[in-house]
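After this come two complexes, each holding chain A, first together with chain B and then together with chain C.
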Partner chain A sequence: MSLKGWLLFSPWIITFLVFWLFPLVYSFVLSLTDYRLLSTDINWTGMKNYVRLFSDPDFIIALKNSFLFVIGTIPFTTAIALGLALLLNERFRGRTFFRAAYFMPSITTMVVIALIFSNLYARDGYIHLLARMAGLSPPENGFLLSTKTALASIMAMDIWMASGYYMLLFLGGLQTIPIDLYEAARIAGASRQQQFWHITLPMLKPVTLFIIVINSIKSFQVFVEIFVMTKGGPLNATFTGVYFVYETGLRQFDFGYASAAAYVVFAVIGLASLIQFKLLRTEWRS
Partner chain B sequence: MKRCVWITIILPLALLSCGGQKTNQVSISWWHFWTDAHIRPVVAQMVDDFEKEHPGVSVELVDLTWADGHDKIAIAYSSGSGPDIVELGSDWILEFSSTGHLENLTDRVQPFHDQYLMWEPGEYHDSLFAFPWILGTRVLFVNCDLLTQAGYDSAFSPRDWPELMAAAQAVSERVQGAYGFGSNSAERHRLYKKFLPFLWSNGGEVLSGDGQECLLGSPEALEALEYYITLCKTGLTDTQRRLEDAFLEGKIAFLISGDWLLKRLENEKCDFKYVTQLIPPPKDGMSSASFAGGEYLALNARSQHKDIAFELIQHICSAKNQLRFCLANRTPTPSSKEASADPAFVAQPHFDTFIRQLSSSRTTPAHPKWVYIEGKLEKAVEEALYGTKSPEQALKDAKAAIKEILIQ
Partner chain C sequence: MGYRKWLKYAVLSLICAVMVFPLVWMVALSVSSTSGGTTLDNFAYIFSVNRFGRYLFNSILVAGIVTAGNILFCFMTGYALARRKIIGGKLWLYTILIVLMVPAHIVIIPIYIMMNKLGLYDSYAALILPWLVNPIGIFLVRQYISTLPSSLEEAARIDGAGEFRILFRIVMPLCRPALAILAIHAFMTNWNSFLFPFILTSSEQYRTLPVALALLLGYQSIDWHQLMAGSVVAVAPIMAAFLVFQRHIIAGITAGAFKQ
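Then we have the complex of A and B:
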């Protein structure tokens, strides 16, 4: 590349090197030390932080909750997004309005949504009221203060929020499917159901893979919701991997340990994405 | 035309260069947290006064927010920079003093020791590292209307734990839609602050005086936790913010809270009668301990202008400036004894309750590993509150866990 080219690229490259690559490498180095913020005394500890992590009950709970969060949201978000996309792909009056309406939550600030839902879930909140009217017995002090419902409540909010965005991706995917495929199928006498299972779904595979991978990564990284709504409580019921990193790093200043935790979370995400790619790719080929 | 262009370019440059020509100018920086529109000008005014009294000194005032201020300070200090003067919350001082980032003020504050309250949070290894500025404590807020509705005399105020419990239960049972006591639910870094006053009032301690031993296994600690859990169960359990909202709506009879609630009660014009009183002790006649915190001013160990910076700290903490600040901010608890004895100041509604409570208030134990100890204590209260463990078992487990932390 010419000098001019590099020059044009440099703002991005410099930001990438300084704010992404350097912290990434440096935090790995730190994860092998006992570095604490504010302290000048750093000792090399090798893999000790990593060993300590896997015998730390809090970290095990955090990883478990992160997994629960991913497993409990991805299928629902994907199914709802696909359902909405199919509906909104049809021609009817007000279609644009609904498309915009469902997309709205994903462009709203997370903190705002989390605060609104905190109130909805509270003991005198609207969702609590609805549950009581439906004859259910919701937790007495509100959904977020019960160990049984706290994580599920945040997951439900996340599904509500994310579905609109992935709907839009599915809509894009639907519009790339050639009309001739459906025409040919109709001539051959395929029902609408058959068309869905044998044309729409297989043709949407690349989009679906993309959505599942991206959404899994985002869900593993869940933080803002937790920070605003429960701070990991009650009794660690919503304590997740990234929240663990925050607590150890910026609350307890145990930077080495927090860096090690961050790397384990990173490895878990990487591994999960790899498995998803493998599974969905082979299916596609067959 | 051409001349006009030249003038517009050169004139600002000339002016700029003039601005930089002041020689022998000493510049000190102060990082603070008072950014609200009603108090920021007061802080700026104090700084202006100081600059007028000290020609040649300029003070750079930097605003921090509670959201990320602490992180900014930590990062600045660990990178070797950081302001000359920094405002620190009482429970932050130790992490900076124990790592050598703060100047030892022991000799400098000697003449002021008797004039100010609450030096303890600034202590580390028998030295002092922070100057107390604006303090805070929690008192009991009482909704008198709810008590009257529950059949109590309008002048009633609970004198000890059993009376508080009985009154709270009466309100919960007799007044439709109201709760006796507002207690905090599991909120990280907050719940333990709610339990500590009960523990301390009952004669219990988390750590022994030398910080070597955990004392949560004592009968006093168990009694305090059992009382706290029962009190919680007779009332409303929610987050601090929502509890305060509920009190303002007139739904809670008793709530332990700080001066910020007083501010809200004054601003939001509530239509019920309320009073503030000292937190009741376990038995009538004993004194009760409350949880105190506050804002402290500390000096950077690397500062080039320590003498003048300390003069600024003195100036900010002077009785005159504390009165000015506290009246503007409606804070009843300045650190200056002279300020908190000022007759006009004490005459402000409810201020005397806070001033009296402050004298029997304590701060978080100053222990380098407190952040870990706090987590274990909080876990015990949480487990007892959610019934996953009996109070006895929860405290026993916490004691074992804290013992391990202390050995490490």
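Then we have the complex of A and C:
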């Protein structure tokens, strides 16, 4: 233990206490009060905010949409990312180029991506025209103004954007598989398909678990896309958990109620990660 | 080439087109106008009518200071974790991992209230202070320094070099690869960030590019071509950084994921 050590470490101690621990605790305390912006008397309300949340149809819809968003994106993102990684795993000419191209969307500013797709999804936008040319009948006023397609359209954009990022993680995972395993399998006469199912896939379990968990945490918090593209509409069709926190907390300034919502969403995320860990771990062992 | 190889390239190129098309579309719209033809007027418009010069300046300033802060503070804290005994050292390591798992939405309201109470709402300080040191960076430096032999530092200490000198003249240069990765990571994350700059500022004076773009959508005074010109301004530095530092960026992502 040394004073110098503490001094060197102090930036993190301060940041952690001021910008993480204190807000986390403060947020929970707020959730037990009726504190609003400019309110003069603040009262303890106990669990009232939490009770109110579960009878608030807007919040129920928000949670449902968040779940839909996670369930509807993660299997696709994961599968596409794995497919891309397998395509790019072997060395060949142009590999670095393709890897960069696939990865490009995930480093692009989210707001910009949302703007581009707002244009593409709009009435007579490129994707709208393409859908019509393909003989489909896309919603009259564009994909984002229809309750049927708005959320799905944002989900599709997210899958497109995130696949390249998770592809990189899969590529990293593929490189940790010892080549000896494949050689042994080849000598034993295993086909390429057999090698994939019995070596590649089982060896990728830890990366896959990691990807599913972090992607779930991220997707549950979807906000920027929603804010730019639909503002939660039309008719709450894209209203999600974090959007509810923003709407009640920073537009209606109902700090107590919004904090309670934030904690519920937090709890749901924590619980979901835990369940995923348990499920995928046990499946892995068996 | 066999037909299998052709097929593979065809598939790869098709996916490539899907991945890159929206970005090409952005550029195409930004250099054209509603009346057709190629033009740079949209860029002139957003810099003269809208205050994109200001937004660009703010983005560069904030991301620049945050990046510099990350290099210095993640280095200091990472070094302390790797080489010094700190009371509750393990515990502090856990705080880093915990923060990595905590969703940001849970702290936005308290931080909004806090910044208001401190009189920092709508200022550069609000955009910069919370992000000067970040857990992934600390973790990266700590892991990196743990792999370095401490003999160099000890030799310098025997030679009578001061702590300050050892830290910044000997250890820091050795950490350059890790610091490069964390600097790029810090810059890109901050440059792209929307939620916190959006809720912690209100005036144009402190508005960053992503916030400006998000707020401009839907205004009568701006059309798609101009919005896309603004978008090009917002992503150009990131694309340039990506092309130059591709290997560092990819190394950073895989390092972050696999060293945990």
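In the analysis below, the second predicted complex is superposed on the first by the 285 of 286 C-alpha atoms of A that agree within 3 Å, B and C clash if a C-alpha of one lies under 4 Å from a C-alpha of the other, contacts with A are read in each partner's own complex, and residues count from 1 in each chain.
What we mean here is this: contacts are C-beta pairs under 8 Å (C-beta built on N, C-alpha and C of every residue); 3 or more make two chains touch, one makes a residue touch a chain.
All values reported here derive from a predicted model rather than from experimental measurement.
Trainee: In the superposed arrangement, which partner chain does A:T147 touch: chain B (first), chain C (second), both, or neither?
Mentor: Touch partner of A:T147: chain B, not chain C.
Trainee: Contacts for A:L235 in the overlay, against chain B (first) and chain C (second): which applies, first, second, both or neither?
Mentor: first
Trainee: What is the contact status of A:L250 with respect to chain B (first) and chain C (second): first, second, both, or neither?
Mentor: both
Trainee: For A:V268, is the partner it touches chain B (first), chain C (second), both, or none of the two (neither)?
Mentor: neither
Trainee: With both structures superposed, pick whichever of chain B and chain C touches the larger number of chain A residues.
Mentor: After superposing on chain A, more of chain A is contacted by C.
Trainee: Applying the touch criterion given at the start, work out whether A:W6 contacts chain B, chain C, both or neither, answering first, second, both or neither.
Mentor: second
Trainee: For A:L68, decide between first (touching chain B), second (touching chain C), both and neither.
Mentor: Neither: A:L68 stays clear of chain B and chain C.
Trainee: Which partner does A:M203 reach: the first (chain B), the second (chain C), both, or neither?
Mentor: After superposition on chain A, A:M203 lies in contact with neither partner.
Trainee: Using the superposition on chain A described above, determine whether A:M104 touches chain B (first), chain C (second), both, or neither.
Mentor: Second partner only, chain C.
Trainee: Taking the contacts chain A makes with chain B in one complex and with chain C in the other, which residues are shared?
Mentor: 250
Trainee: Touching residues of chain B toward chain A in the complex: what are they?
Mentor: 71, 74-75, 77-78, 95-96, 99-101, 185-189, 236-239, 242, 371-372, 379, 382-383, 386, 388
Trainee: Which stretch or stretches of chain C touch chain A in the complex?
Mentor: Chain C residues touching chain A: 8-9, 11-12, 15-16, 18-20, 22-23, 25-26, 29, 73, 76-77, 79-81, 84-87, 92, 95-96, 99, 101-114, 129-130, 132-133, 135, 138, 163, 167, 188, 191-192, 194-195, 198-199, 209-211, 213-214, 217, 224, 227-228, 231, 234-235, 238-239, 242-243, 246, 249-250, 253-254, 257-258.
Trainee: Which bits of chain A are touching chain B when the two form their complex?
Mentor: 37-40, 122-123, 141-142, 145, 147, 231-235, 250-253
Trainee: Contact residues on chain A for chain C in the complex?
Mentor: 1-2, 4-6, 8-9, 11-13, 15-16, 19-24, 26-27, 30, 84, 87, 92, 94, 96, 98-105, 107-120, 126, 160, 164-165, 168-169, 171-172, 176, 207, 210, 217, 220-221, 223-224, 227-228, 241-242, 245-246, 249-250, 255, 258-259, 262-263, 265-266, 269, 273
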